[in-house]
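Lettered A, B, C, D, E and F in written order, each chain numbered from 1.
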Amino acid sequence: MDVTPEITRDNIRNLVNNNQRADGRALDEYREINIETGVIPKAEGSALCKLGGTKVIVGIKPSVGEPFPDTPDVGVLMTNCELLPMADPSFEPGPPSLESIELARVVDRGIRESEMVNLNELCIEEGKHVWILFIDLHVIDNCGNLFDCASLAVNAALKSCKLPKASVVDDEIVYDEEETFDVPLNHNVALSTFVKIGDEMVLDPSLDEERVLSARLSVGITEEGSICSMQKGGDEPITKDDLFAAVKTALNKNDEILANLNFE
Amino acid sequence: MDVTPEITRDNIRNLVNNNQRADGRALDEYREINIETGVIPKAEGSALCKLGGTKVIVGIKPSVGEPFPDTPDVGVLMTNCELLPMADPSFEPGPPSLESIELARVVDRGIRESEMVNLNELCIEEGKHVWILFIDLHVIDNCGNLFDCASLAVNAALKSCKLPKASVVDDEIVYDEEETFDVPLNHNVALSTFVKIGDEMVLDPSLDEERVLSARLSVGITEEGSICSMQKGGDEPITKDDLFAAVKTALNKNDEILANLNFE
Amino acid sequence: MDVTPEITRDNIRNLVNNNQRADGRALDEYREINIETGVIPKAEGSALCKLGGTKVIVGIKPSVGEPFPDTPDVGVLMTNCELLPMADPSFEPGPPSLESIELARVVDRGIRESEMVNLNELCIEEGKHVWILFIDLHVIDNCGNLFDCASLAVNAALKSCKLPKASVVDDEIVYDEEETFDVPLNHNVALSTFVKIGDEMVLDPSLDEERVLSARLSVGITEEGSICSMQKGGDEPITKDDLFAAVKTALNKNDEILANLNFE
Amino acid sequence: MIFISEERKIRADGRAYNELRPIKIEAGVLERADGSAYVEVGGNKILACVYGPKESYMRRFLRPDTGVIKVRYNMAPFSVDTRKRPGPDRRSNEISKITADALCPALMLEGFPRSMVEVSIEVIAAEGGTRCAGVTAAAVALADAGIPMKDIPAGCAAGKMDDEVVLDLSEIEDKNGQADVPLVIMPRTGEITLLQADGNLTDEEFEEAIELAIEGCMQVSEVQKEALKTCYSQE
Amino acid sequence: MIFISEERKIRADGRAYNELRPIKIEAGVLERADGSAYVEVGGNKILACVYGPKESYMRRFLRPDTGVIKVRYNMAPFSVDTRKRPGPDRRSNEISKITADALCPALMLEGFPRSMVEVSIEVIAAEGGTRCAGVTAAAVALADAGIPMKDIPAGCAAGKMDDEVVLDLSEIEDKNGQADVPLVIMPRTGEITLLQADGNLTDEEFEEAIELAIEGCMQVSEVQKEALKTCYSQE
Amino acid sequence: MIFISEERKIRADGRAYNELRPIKIEAGVLERADGSAYVEVGGNKILACVYGPKESYMRRFLRPDTGVIKVRYNMAPFSVDTRKRPGPDRRSNEISKITADALCPALMLEGFPRSMVEVSIEVIAAEGGTRCAGVTAAAVALADAGIPMKDIPAGCAAGKMDDEVVLDLSEIEDKNGQADVPLVIMPRTGEITLLQADGNLTDEEFEEAIELAIEGCMQVSEVQKEALKTCYSQE
């Protein structure tokens, strides 16, 4: 377990009490975001997202398979996340940790419940063949706020993802590699994560700020301003006022974050 | 490992030497048995069996699948047992312990080798489609003698289990949820478990009696009085006389135990 | 970890410096090899190979299955190795150790990359049905140089393996148990393993010699004298001269080793 | 349309928009556990039990300054329509983690350094909203075990269905619903210890859902207290 | 009808009702192990080996007052008609456990506190009755390792086939049989250390099966002793 | 025929028989790791990072007389044409082991007893020859982490294709090739720390392949040194 010296802890709290942060940001200010797509030659969709020093690579590999029996006419998303040992000395190889599972599930729900992807268009033949997108997150450098960085990386990779036209001929799948189409997206979604330090909800926490966290709150908002996912973490409570204030900040900042996805 | 103080150990031995037990029972006397069926709304068969303070829940979920290649015309039973951490402070979560495996296998053999279930009637189409019954045992409170309690709970759950009529139309399975049928049972089976304390074979051991056990013997007997399964446990031997005496007691007690399954 | 006393270590080094070994062999001399085939009644191919005190049993079980999509017209070899706890006090039960994986992979590559087996003849119907050979290595006594002993045992088991004629009738596999055929082998392959002790490359190391090893080198050579596989192990380097000298010795010794496979 | 009758704003199962499903809580239902509880909410049947505070072989979770809580949420294979494979999956691991976070603020474990309180939640029958009902059951089991607590956390979800914000979605309502917002609070202070949201909600709907869920939690809290009283009076 | 000729009560493989399959035991067959044995019974081929008493990394199994025994029964993938996946399964785990219980009463490990005797049983070829043959082999391997023993346990099963109680069912007899009763005894006292039963037996048949199996164990015991004598005399 | 034009001995991708694919190395690319490197060789993209020397929970790997190295080689699920299941498999476990052996002789860890240097190699994109490129990257990351080293190991394979011995097979060349010989050397002494061979080579071809691979390693070594110089000069 990372132990942050008491002096750093106090220092961060005192700064926040005075509306300041160690890296000079405002309490509701994001670090620099930098997104690059198409970074993995063998992945149909891919992105590298840097949020300050935090770095996440996402690769998307499609394959054609059977739909789930209860949803025969829609495609399938499979989200998997690896907190690589290189990203943080506290990340260990082996079966996914609770942190890794929570990250994958929060990102996955953000895509799924917001209906970001139009899964109907990923159906090739109802009940028989649909596109399955394997979305693999590789966290390679953890300098704080993996949730928002991972969420942006996934959104960018989906936006860049091109699938071959597939059709069914004589009950076999035929691919037309020449003619590709974009993964159909209904909208983009940004996740805004806060930590509670003292009485303040602080946006986009750095690693040190995360380490002093008592409570964490992530708010997912679509580009239309709809609240589509939320996750509280940490072993301290938050108040209703904390919650509503954070939602307001997230709504205000949403367009600014999503602007980073305006690439071609 | 539970450690029973030497004083309790001596106490139990002395009592048994004088034909007595801590809870006032005779050496060949069962604790109160209480069976409730239909306790799980989403399970096609279910039962909660209480044997004194010991409690086991069994749920049965059927599904249609392929038969084993070497037995193409009979249904399949899959017995699984979980010793839940809530049942006993020594039960740990994780892969099934040796105790849990032994319990599941002794119960499973008791059903299978006694031919309790008429598996031929669970065949829908030979070689292609048969009923598979998943029998899941949930041990929730361990106050001794899990073997007999689990065995009764499984028998009761099977007796209460109703399957939809299934037929094959155009190579697809069609279910008639309106018309159900009982799982066909050839007979009921009771398991009688003894522990050897001093020179006596003591029936239906309590938790404390189990803890001083040097040898355990379980005897499965059908309602027709046929000996259908047996399992010796514990790291001390028993004599042939111990064995024959226990079998005699079990035969005498069998109808009394099975009477608890006379529900409609 | 086995710890070899410093005195043994020095002793072995001094001997080798004087061109001697504890068991009287020359530096490039093999221990006695003894191969028995057909030792497992239920395996279609089997062999027990003894190399000095080292003993490896190999059993081959065939089954018919689907080919890999990228090689639709060839059969499949699946090599698995278990370092049984009985073979060495340092072998533990559980998931395969790194040593076990390396052994299985070196043996497997030796067969595969040398094209020892004519896999084309193991195809029954292109893209649909091919023979899959499960080659299971059981290491039962480790007195040094498992690589070479395992490699010989696999080669012998393959040579003794007989498959029933299989044909496709109405899309089902039909076996003709009366008419069997040999697994088609292109050639035999011997693996020669050296350890570097002092400045010498010592062939067929005993257990004590292995324990003082700083570098290990295995060279696989076909009966035609083609170098088909190689694996360096150990955490010390070897020189180019060591390498070329070992290859020369291995080439010289190859016929002698392969003569042990001349059984009917 | 299907679930809410237009005129009377009554749901398919007869409930008003702000009405809980039938709820039943019983404390002290198991013999071996240090504390236990049984909760029924609609078709959910949930057992929770507590062992501890005690030493633990899971040393790396222990802390020198306080006791810690460890939660295992599990669904029985027969609790759902299609049999679930036994053992933990990603969903249950996540729920175990957020349940521990939901209970932790209510516990006073400073007096038990290097010890662990083990909570086990077993879903015997599932019918929507098991994570909130699981926290509710675990909180009662902790009290039954005599663990020192500031408050007894209570859980309940609000949701959105046919464009209406309603309380405590049943399984069938959730499947056809537009959003689900599980919430756990500490009733004395109203502080939030668990919060998730899935679906699509406007800013206003979200605030409405939170207010409604808090009301629901307060009602659940009353049933919890009643169960503990009944249990103590029997002893 | 198929297996027992009516007039002469001779089985399909030519054996009388109370006759063992051909049995061969060899002690001291491996170089590295502290003790080892090889057993053939009918088509079964079984290796057993022993390491110890020694320290063990499995600390939680160790005891301060005595040594303990740990058994691993394993079937080779190629030992059966259809290849078995490598590694332990539920059946082999159960047999490992009851094998340890079957051997334990014969061992005198009081002089080796905090140590473990590790027994490994490897079924190379299986043809019915491997658990009894495994105990038989392990007992010889323990003696070969010089572990202090009160007695050398010997195992043999009785069974029921065509309504007759017979000794030592072969694989094909077991498949068509009506009951199987594996038994292990300590020959000096006749005490039973392993007992299972599967099938359907009347009270009388059961007693007959036990008596017959005990006779079989006594015969196996003679072969065990012979093997150990041969081994010692070679040393 | 396809890959080597007969007259000019030029390969399909335009390389001469003794020419490396385009190679790019960057040191110090990650913030958290103690040392890191990024390598591109042809279509391969590989990250390597180093933590340590530090204490480790993997106590049984530690040694009282020296520090030890532990390597984890991993391929990203999206690095290959058909998605790879996450997590280690037999191939990656073997490569992890031989990579540790390939780096170990260059390290001077005597000053760090009971400590571990953890190396992590992540193949982000794979296009033939990842094990050599992985060692090359890891060696630069170790230097970037300030681990005391005698030398910086460099890796490169030679192979055989259309009966010609050539340097550094690409993925498509390897698939149609006749042999592959991955090699790692310590450039200062020329000593070999990793060597494998697969395929069919005559004695002469093998020696030719080794000489060619050594040449390739020397070229790689120059790029490694350049990358470290660039990195230091930026600090």
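In the analysis below, a contact is a pair of C-beta atoms (placed from the backbone, for glycine too) under 8 Å apart; a residue touches a chain by one contact, two chains touch by 3 or more.
If you're wondering where the values come from, they're calculated on a predicted model, not measured in any experiment.
**Student:** Common contacts of subunit B and subunit F?
**Tutor:** Common contact partners of subunit B and subunit F, which must touch each of the two, are absent.
**Student:** With one step meaning two chains touch, work out the least steps from subunit A to subunit E.
**Tutor:** Minimum number of steps from subunit A to subunit E: 3.
**Student:** How short can a path of touching chains from subunit E to subunit F be, counted in steps?
**Tutor:** When the steps are counted carefully, the minimum from subunit E to subunit F is 2.
**Student:** For A-F, which listed pair, B-D, B-E or A-D, repeats its interface with over half of the contact pairs the same?
**Tutor:** Same contacts by residue number as A-F, out of B-D, B-E or A-D: B-D.
**Student:** Using each chain's Cα centroid, which is most distant from the centroid of subunit D?
**Tutor:** Most distant chain from subunit D: C.
**Student:** Give, as an integer number of Å, the spacing between the C-alpha centres of subunit E and subunit D.
**Tutor:** 52
**Student:** Round to the nearest whole Å and give the separation of the Cα centres of subunit A and subunit B.
**Tutor:** Chain centres of subunit A and subunit B, defined by C-alpha means, are spaced 48 Å apart.
**Student:** Taking the mean of the CA coordinates per chain, how far is subunit C from subunit F in Å?
**Tutor:** 27
**Student:** Touching two or more other chains, which residues of subunit F qualify?
**Tutor:** none
**Student:** Specify, in ascending order, the residues of subunit B that touch 2 or more different other chains.
**Tutor:** Expected reply: no residues.
**Student:** With chains as vertices and touches as edges, which is it: line, ring, star, complete or other?
**Tutor:** The chain contacts form a single closed ring, each chain touching exactly two others.
**Student:** Can you list every chain round the ring, opening with subunit B and moving on to subunit D?
**Tutor:** Read cyclically, starting with subunit B and passing subunit D second, the order is B, D, A, F, C, E.
**Student:** Considering only the defined contacts, which subunit A positions touch subunit D in the complex?
**Tutor:** Touch list, subunit A to subunit D: 96, 98, 101-102, 104-105, 109, 113-115, 217, 222, 225-240, 243-244, 247, 251.
**Student:** Considering only the defined contacts, which subunit E positions touch subunit C in the complex?
**Tutor:** Its residues touching subunit C are 30-33, 36, 43, 45, 47-49, 51, 54, 72, 74, 76-83, 86, 88, 118, 120, 122, 124-127.
**Student:** For the complex, give me every residue of subunit C touching subunit E.
**Tutor:** The contact residues of subunit C facing subunit E are 39-43, 46, 53, 55, 57, 59-61, 63, 80, 82, 84-89, 93, 134, 136, 138, 140-143.
**Student:** Can you name the residues of subunit E that touch subunit B in the complex?
**Tutor:** Touch list, subunit E to subunit B: 90-91, 93-94, 96-98, 100-101, 104-105, 179, 181, 186, 189-203, 206-207, 210, 214.
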